[in-house]
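Following this message is one structure expressed as structure tokens.
Letters are used for the chains, namely A, B and C, taken in the order the chains are written, and counting of residues starts over at 1 for each.
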Amino acid sequence: MFAFILRRIIQAIFVMLVISLVGFSIQHQIGDPVRDLVGERVTPAEREVIRDQLGLNDPFYIQYFRFIKNACKGDLGLSFFYKKPALEVIVSKAPATIELVIVTAIILILVSIPSGIYAAIYPKSWFSRLVMAASTIGVAIPVFLTAIALIYLFGVELNWLPSYGRGETVNIWGWESGFFTWDGLKHLVLPSISLSSIMLPLFIRLVRAEMMEVLETEYIKFAWAKGLHRQRVWFIHAFKNTLLPVITVFGVQLGILFAFTILTETVFQWQGMGFMFLEAVERSDTSLLVAYLVVVGVIFVVVNTIVDIVYGYVNPMVRIVGTK
Amino acid sequence: MKAWNRFKNSYVLYSFKRDPIAIASFSVLSVLVVICVLAPVVAPYNTYDTATFDIMDAETPPSWMAEGSETFMLGTDIQGRDLLSTMIYGLRVSLLIGCGAVLVQAFIGILVGLFSGYFGGKLDSFLMRVTDIQFSIPYLIVAIFTSAIFKLAFGVGRYAELAVPLLIVIIGVSHWPIYARTVRASVLGEKNKEYVEAARVIGISRWQIMFRHILPNTLTSVLVISTIQVAENVMSEAALSFLGLGMPITKPSLGSLIRSGFEYIFSGSWWITFFPGILLVIFLLVILLLGDWLRDVLNPKLYKG
Amino acid sequence: MSHLLEVIDLEVKFALRFGELTAINGVSFTLDKGERLGIVGESGAGKSVTGFAIINLLSKPGYISGGKILFEGRELNRLPEEEMRKIRGNSIGMIFQDPMMTLNPVLTISTQMVETVLAHQNISKADAMDLALEKLKKVHIPSPAKRLHQYPHECSGGMRQRIVVAIALLTNPSLIIADEPSTALDVTIQAEIMDLLLELCETEDMGLILITHDLAVVSQVTEKIAVMYAGKIVETGTTEAVVHDPKHPYTQGLIKALPGSLQPGARLNQIPGMMPTLTDIPAGCAFHPRCTISDTVCQMEVPALISIDDYDRMAACHMVEKSFP
């Protein structure tokens, strides 16, 4: 078990090194730290001096090691636009994105698990057919269209829900939260529904497929043969076994949701990390962009590693049972 | 003629005729593709020619509405272009990029899969590790990051100028792992079969075995993947354009058209977003349905991701 | 006296996309209280399907298309689902083939035992736990109290099959259906499990239907045998009679294939060919292509299952019919 964890951690470090190399190459090739620091009104001679001072004329690998050393200390360069450390900018935008992802995850779980299970138990009912058809069509609708449709319907036509911004937020120990005001919660509805629509078809199909597979197993047949009530067979015997693989996929996808916020935050003018990313591209704010890539990469790798390790803990038991 | 007869009696055609969804999807797709190819002939206006439109016509509603004009059936966009023509040209661009990117993806993926599967060993584990890592990140995310980096590297103006080839490359490199995995799996299956053994014994070179003997056996899988891949590429392109990382508004794809129209839905000009959106969804849906059908019929051993 | 279980002309079909397949075609047998019956045949003969049909748990797309199943005077295949549930695991216990797959990997043994009791009896959880412990003792599990709180993967295969037997015993059923209960186990453990089943049937006065492909196992445990081939019973009788004086050529072949029937060093006999799949059952007697004594009549007519000396001794073979006019 220890060897397994160690292997996963080494793997994670390797992936992070690759991410950092990519990030560094971008900064090295495209970025202009001198401009980030002093702006554009400097003479070429002055620039050269500053470049030397910053070590920008050092060999590539020395600069790369410096980049990693600084990154480990939390220094990912300066944002040209905000005139602040890039990481600080990202941290200030993070709460908006994290809250959006949390609400989205809750919606995903609350919708996909019941409907997936229902579709597995009654595959021929009209509801199951509807859910499956909707998830087929859902795959073909790009998220920004879903978002626009929601805005048009609930924001413009019906005027029930706000369609841009975060609304009123409360500052709790430096964390700008929209969870504690009615206005903030209302602003969360449409963006989180849109974001969840990206993964909902996938999740429903996954839960359904897993549950159907479990329902075919011998131990479920035995549970029926014991004369248990169907609720017990479905929700205790089958559901518990469905949960394990589902949790794994949910975990991994959660990391990916952070990146997908780019697509929804733009539509809803949601002042989070995804919105900031596109702004950084528009403003050629290379350091901020690289910092964003590194942060999202780290979130992804950390979530993946944790899920793998947790699954590794639970899995040996299943594996022993599954083989003869 | 012989090939036609074989096709006429094949299982593929038989199940196609019995599947109304497949027939409908195929018909809609054919019509759309023909319209795209013949755009200069079919479209009422050439929207790339700035002389044909006037900013004074901007935001004209569809012809059946009160303020609509007979000249513009689906109304005009924010620059006064005929919306229907712009959509046709937009779909044409989307389709071009989608198909171009499939070629890039198939090229990279088949090459990686062939080498990985045929040579095995360290090369295989390295290539597969790379493939796995990229596979674990959704292609759309990879495409967004890649295009952002390209946009920074090329600068906004140059990026807009070179948008079509750049997008083909960007979407191409962001979505090849499925090819690599599938091709590798079928190579592993074929590699130890007797005919490959025999070819090796009579002294046929590795390259010939790989490209002349093994590769053709993977083509069914490649075909099935490619169908769905076109839809996913068009989806990537639309998303990138919507985010402002794709086609510029001067040569809009459906995505950039929707982006430009989005700001105007609050003022009531819903059609600039609505019609391109519907067209995009229909286009994607028919390809996906056809792809699903093809996968069921040909049933190749696909690598499930 | 009425029988404990009476299966009359049972017919099971599988509704598939391209048509229906008949898996069980007119199977009849009876079982009295405390009696032990072995159903023998190759895989695919329809033995397990018969077992699952009795408790109405055929996996889709299988369904009972004809016949009657009478258990303790009630017609099982007509019962509403809730009534059937009350019989399953209560008066009819099941034991499955592979103990590795039968127990739910994520639930403790106590959970899986207690829930069975609570599904059928209105007693407290603590009482159910006591009952579980008592039954674990009855199947000779060492340190049963400890086992109760373990997960299935912490027990060996033989141990798990004992637990499955204990679960079947929890509600003192009058009939146990054991579907290949020892096939997935090591040979020594096989014998232990069979001994245990025999002992329990005798002490608890339970009826047993033992479904197996292994004639040797059946001959040690059961009093009666029904031999199945391609969805039909081809021979029945007391174990003694069938094993020592098989009438049907198929049964004869099965017995000749047993290692015990031979001198050391001699080659094992085997029945030539394979059992037909459900899609292409031969016309006439389904066994005729593999039969050494088949005649033209065997290719034309389906032989009926007829009594050959007393009521329980029956065979379905034209050649046997000829010698018993």
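Quick note on the criterion: a residue touches a chain if its C-beta (ideal position, glycine included) is under 8 Å from a C-beta of that chain, and two chains touch if they have at least 3 such contacts.
These figures come from a predicted structure and were not determined experimentally.
With centres computed as the average of Cα coordinates, no chain lies farther from subunit A than C.
Core chain by CA centroid proximity to the global CA centroid: A. Chain centres here are Cα averages; for subunit A and subunit C they lie 53 Å apart. Subunit B has its Cα centroid 25 Å from the Cα centroid of subunit A. Centre-to-centre separation between subunit B and subunit C, using Cα means, comes to 57 Å.
Against subunit C, the residues of subunit A that register as touching in their complex are 216-229, 232, 236-237, 240-241, 244, 317-318, 320-324. For subunit B in complex with subunit A, the residues that touch the partner chain are 133, 136-138, 140-141, 144-145, 148-149, 151-153, 155, 231, 235, 238-239, 242-245, 258, 262, 265-266, 270, 273, 277, 280-281, 284-285, 288-289, 292. Put simply, subunit C touches subunit A in their complex at residues 55, 57, 59, 85-90, 94, 96-98, 100-107, 115-116, 119-120, 151-153, 164, 167, 184. Interface residues of subunit A, counted against subunit B in their complex, comprise 15, 18, 26, 29-30, 136-137, 139-145, 148-149, 151-152, 156, 252, 256, 259-260, 262-263, 266-267, 277-278, 281-282, 284, 286, 289, 293, 300, 304.
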